[in-house]
């Protein structure tokens, strides 16, 4: 290492070290260790393996010894989650509380057990989501294809897990899980959203489902759909306020549609057409579409083109 | 391990084990081992390395010894694919057939050889796609940038491989490959889609191209475009039916447009503007746009704003 | 290895080897080694660790020894980047130049030092982006959640790094970095784009920001927004020409809106509603929305539905 190089490195270290003391929003925090994002993602993968046995493991699943498979995965998941929950709880409490490490560890253990005991019920819901995907997509060749490949099923699997953690008020970790699913699928479901059985998102890229959205059973959603807030101008003052719509049972929302607002209720069996923009409630059984495509045509040889307003085929 | 902890784990194992016996849609299957998703993705990466030599390998490519590079990759790819094809074929056959493992292995070997012999032709098509990207994007600085960075080129590379497997009726594996590309790029091309030379998708996030879509040569597509089905209400009854549009040569489709339906033919040289929604055929040479932006303006200081309807600049 | 198998492999190797000599656009290049995409991505992760200390490292960050953390990361980053810069510069020069390896290495070292000395300023900007995200989203629970989970913050972090490399005219590497962020987040920001402080992209999937876009301070953008070019028909002839819009300070653009063209200036404080399509300038303080939702309704029991045109709540 030449002296010049050493001096240059020294200058860089000093200036970055100086910067760490400023920019309080991204300075190193001083509350002990933070939860570890990659450990949480690895544990999420292990949870998916537990929920869909025989699909995603590295070793081959054998029914005869399934209790051993379960036990091994469980112990590993519980160990990782308990540690991450402890870090998250301690971090959330910050400097104000002065409780022992052991206090947070015990609370983490309790939350972890509560969470794991929900797995059978989560599986019950996910089984209905796989049925909804198979019934809803003519391109689906088998339930295995759906479990292996469907981004909508991936996203709802992670959501149903993250939502249980959200209900248990575990800090940070459900959001890290849901953002992992968003990275993989382009589907952004906030862990707070309440979603009924038989839920199917097809293709999915660009879907956004907000924190206080409520979705009934047998609901089908396509790529680019937003279930969003009317306004976020209020910023942090809106925290906790109901800002996202409610979709009742058997609602279908086609690609690119936006449904906004905490007072918006989309009634049972409603069909919302592509690119429709809704900010008020829609009564049961209605079909909503954009009135006419409003297109204009020009071409070297053609004067008129008959493109009729699409009706309810979509 | 305390007794209490042991008992808790035991309770969880029992309840999950019980759940594995129910929820038939996501229960462990009992047809032997399933294909392995991560092996298939790793093999897809190796195939990409074979198709674009010197770009993605871990070791440095040397022209003088290229046959050794090819041979090494080939043997590795063939070994992995043959094993995965065997598992997929056996799994598809299910319990109804009673053929030997060797039967499926032989069939898998034959399909694998068929597939690998298509590599030179796939490369011929992909070379045209790289040209189309370079000619179509002023931000492109070199063909290397395109091969390294362009999500559209990534997606069409994986598609051209997956489509050959689809034509050979290999189950499950082409869909796992195409969904891998969807994860990475946000571009969802079903392996069944037929796509001509010189195909370019720019940016690409949110693009959906359905199973029975047919696309000519020199077609250019932007982010958020759907080539979709008019209706999937028929569900599994529609399987195999032509549901997606045909785009003839030299068609351009700008961002956010949707073209739907199996009877919809978009003629040669047609330009479809942003956010246009098409469910009927469009004759050769036409340009289709949304009639007027239909905007409304309000502001503290401004009464009127002259925003003209955009015309054919896009 | 049977003779038959050996012969088959031989045939495949020959045909692929033959293909490598053709298809010049995807043939192996002969300019020595190319930059390595995975090394660049790993280095980008290390840079993110340096920029957000204590959030993404594998080892736990301790303030007391922060200079050691910085020094270790720095030396590793500088070594990797200098090597990759050298390869990129040499590759860009091609066969025309006949300069020594050492020449490129020295230039790479100089560029790398220049770049690393920008880290404190990049951190200054990123701290404002984290504040903007926290202030702008009622669902945000803490700044840690934002740094861990927000795709918009991920994308702008990588962009602020890549943009410095772009300004230093480092070839290829900034685009590999920005496309990495695009893969992860669905947000496609060209490294050329100029973006002011307090920038916030919410959800983000499908956002496209072009090479020559200029964005002021306190700008907020939602999923599916395009800041694009009016036309790319000119292809490579348009390279270097200003093709993308300018957004002045305090502009908000809601989901799915497109703002196109190099002469388009969106004035201070403008609000662009969802799905608006703009190709002309908009004066300061204006709010632009789609005039009416233009919806049609049908339903078995309902004749009329009162859905008013949404106004400026969004």
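Just so it is clear, A, B and C label the chains in written order, and each chain counts residues from 1 on its own.
Heads up, the rule we're going with is that contacts are C-beta pairs under 8 Å (C-beta built on N, C-alpha and C of every residue); 3 or more make two chains touch, one makes a residue touch a chain.
The structure presented is a predicted model; accordingly, all values stated were derived computationally and were not measured.
Chemist: Examine where the copies subunit B and subunit C touch and state whether the two sides share over half of their residue numbers (same) or under half (different).
Modeler: Different: when the shared numbers are divided by all numbers used, the fraction is under half.
Chemist: Quote the value, from 0 to 180 degrees and to the nearest 5, of the angle by which the CA atoms of subunit A must be rotated to coincide with those of subunit B.
Modeler: Rounded to the nearest 5 degrees, it is 120.
Chemist: Need the CA-centroid distance for the pair subunit B / subunit C, whole Å please.
Modeler: Computed value for the inter-centroid distance: 23 Å.
Chemist: Touching at least two other chains at once: which residues of subunit B meet that condition?
Modeler: Those would be 186, 205-206, 224, 256, 275, 290, 294.
Chemist: Touching residues of subunit B toward subunit A in the complex: what are they?
Modeler: Contacts found on subunit B: 8-9, 11-13, 15-20, 22-30, 33-35, 37-38, 91-92, 171-172, 175-176, 178-179, 182-183, 186, 188, 190, 192, 205-206, 208, 210-211, 224, 226, 228-232, 234-241, 243, 256, 258, 260-261, 275-280, 282-292, 294, 312.
Chemist: Enumerate the contact residues on subunit A facing subunit B in the complex.
Modeler: 50-56, 58, 60-61, 63, 66-67, 70-71, 74-75, 78, 113, 116-117, 119-120, 123-124, 126-128, 130-131, 134-145, 147-151, 184-186, 202-203, 205-206, 223-224, 255-256, 274-275, 290, 293-302, 305-308, 310, 313-314
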